[in-house]
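Each of the next two complexes has subunit A plus one other chain: subunit B in the first, subunit C in the second.
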Partner chain A sequence: MHSFGYRLNGLLTFAVTILALMCVIASLSDNLNIPSPSAEIQIMNINWFQKQPKGSDEVILRMNISADLQSLFTWNTKQVFIFVAAEYETRKNSLNQVSLWDAIIPAKERAKFWIRSSNKYRFVDHGKNLRGKEFNLTLHWHVMPKTGKMFADKIVMSGYSLPEEYI
Partner chain B sequence: MGWIEENMKSTHFRQILSQAISLGMVISSALIIWKGLIYITGSESPVVVVLSGSMEPGFKRGDILFLYMNKDPIRAGQIVVFNDGRDVPIVHRVIEVHEQRDSKEADILTKGDANPHDDRMLYTSSNRWLQRKYIMGRAVGFLPYVGWLTIIMTDKPIIKYILLGALGLLVITSKE
Partner chain C sequence: MSYFTQNSLLSFLGYPVSLQTFLPLSAPSLHFTMDWQGQKLAEQIMQIMLLVFAVTAFVAGYVLGSFQMMVLVYAGGVTLTGLITIPNWPFFNRHPLNWLDPSEAEKHPKPQVTVSSKKKGFKK
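Let's look at the complex of A and B:
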């Protein structure tokens, strides 16, 4: 029981077990953090609202997004992925979610910010239902850890609406 | 290397049988754990290795992801693993969901975080949207770097055979 092979095997098994245990504990420590994020989105302007030649409505809008997400970061956080989605319902669909803009926050210092941007991704409906449509803007975040369980949540901001007629 | 010769000499039938049984126990307990995981997580492949860099910097090549699947609806922001009839499943984020009122069927669009465009070009058989049936699971947790062993074994199968051969040799020649 004293050969090199046995000792190496024992050492490696122990090392891997301890490493796995450390990853689990690191992940569990994330539960101790109680986040208190805040965000605000204003629609500065609707630049484009037309129906596409072959069918569906499309919107281009410019937003002012400000948020303080610093409380989401723990020592086990690698990055926080955030995105803004427009959510609305139509006659045919009980829920539509369209992602308009996203960003990656790599560190706590960058988590308090404001940015003005038009939508990164096309806001296209599944039809022609957007005239006069009321919709929510939700800021979703996804906390990606260095190791372990990922957390996701969102803030829903309601009360936005599109013009009654195409621009 | 004297101990290999010693083992070859003592060929009692019972000893061989007990070694075969212990090998069988190792294999079947691995299988039980794997099938148990499939049942608990509700996903056909509860652990996947990230093969491409399309979700960087969040997931790098060689990370492993733990998947979980239940009847909850698919919503934007979830990181899903889907396979619409391709060789390798893809791990990307859901960016659009259109869920129908009556049938609760949903059209889903995905995109890798590091990709400039959505996945529409990737979907097989000119589908413009994904359906729930193609989704194998949602990523709920991850471990970095551990998947490199699988990538190496896939890229250079000779290493897989060497490892399996060494493992088999170890089990047979152990005196326990």
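Let's look at the complex of A and C:
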């Protein structure tokens, strides 16, 4: 600690190191939070169900998504990214997942919501397997922190099915 | 912080300035320095203050549920610590070392080691 520059360097280095430690502890404190989210998705209508000219099935459906994700937010949360995916099984693949809709929730106040929307992204199959298909709708969320580890989980809702014939 | 701006102005104008003393080298009569005890004190104050502010900031942020509050309290603490420990304040110079003036040193030459006999004969 001899000169002005030496002391300034020492102070800044120590301060930044301690800041890094504070961020690690802040991230670890996220594990103390036990979330209890809830969600429900209703399919209001199937607007379109046809096979495309190239041969794959396509669905356009209208959903009513309601959820309460406020318990996911901590003091170290920047935003929560959520998306809805349809999951089903075919003869070729044991699991197909198609992302239908997503959103970013920037604050805890906006985490309790309902929204009516048609699927943002196309629900297209690899093939013509969707007639009469039973599928699950899963709501996934990624809790993005301000610093540290990101937590991801999902809710699986089952019991949805597509019509037997094309509309 | 007038002598900071004075120093930067002087260096900009081309005067030789020293970082340590923050004054032109051609004026050695005004020397702001820290002595050894002061340097140790400055380091101790810096480490303790930073740790205390880190703990305070974390607790404040956690209790208030605001990450921004933690960062703001900590940034304020770092600035305050810097203001106290980095400049050469007078209270860091309470045990100065008194170097002997060169002209005074010449008047007192270093003692020579002489080899002399221990017994001296006494003459009547």
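Note that in this section the second predicted complex is superposed on the first by the 166 of 167 C-alpha atoms of A that agree within 3 Å, B and C clash if a C-alpha of one lies under 4 Å from a C-alpha of the other, contacts with A are read in each partner's own complex, and residues count from 1 in each chain.
Methods note: a residue touches a chain if its C-beta (ideal position, glycine included) is under 8 Å from a C-beta of that chain, and two chains touch if they have at least 3 such contacts.
Small disclaimer: the values here were computed from a predicted structure and weren't measured.
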- Task: Would you mind checking whether subunit B and subunit C clash or fit side by side on subunit A after the superposition?
- Result: fit
- Task: Scan A:I34 for contacts with subunit B and subunit C and give back first, second, both or neither.
- Result: neither
- Query: Roughly how many degrees, to the nearest 10, is the angle at subunit A when you join its Cα centre to the Cα centres of subunit B and subunit C?
  - Reply: 40
- Determine, under the contact definition given at the top, whether A:V98 touches first (subunit B), second (subunit C), both, or neither. first
- Max touched-residue count on subunit A (subunit B vs subunit C) belongs to chain B
- Message: Quick check for you: in the superposed arrangement, does A:H126 touch first (subunit B), second (subunit C), both or neither?
- Response: first
- Looking at the overlay, does A:W75 come into contact with subunit B only (first), subunit C only (second), both, or neither? second
- So, A:K146: does it touch subunit B (first), subunit C (second), both, or neither? both
- Task: Note down the smallest distance between any C-alpha of subunit B and any C-alpha of subunit C in the overlay, whole angstrom.
- Result: 9
- Indicate the residue numbers of subunit A shared between its subunit B interface and its subunit C interface, in ascending order. 146-147
- Item | subunit A partner contacts - residues on subunit B that touch it in the complex | 57-59, 75-79, 93, 95-101, 104, 107, 111, 113, 118, 139-144
- Residue numbers on subunit A that touch subunit C, as the complex places them: 1-5, 7-8, 10-11, 14-15, 18-19, 21-22, 25-26, 29, 75-76, 146-147
- Contacts from subunit A onto subunit B in the complex sit at residues 23, 27, 78-79, 81, 83, 85, 89, 91-99, 102, 104, 106, 121, 126, 140, 142, 144-150, 152, 154
- subunit A partner, complex, touching residues on subunit C are 19-20, 22, 34, 39-40, 42-43, 46-47, 50-51, 54, 57-58, 61-62, 64-67, 70, 74, 78, 81-82, 85-88
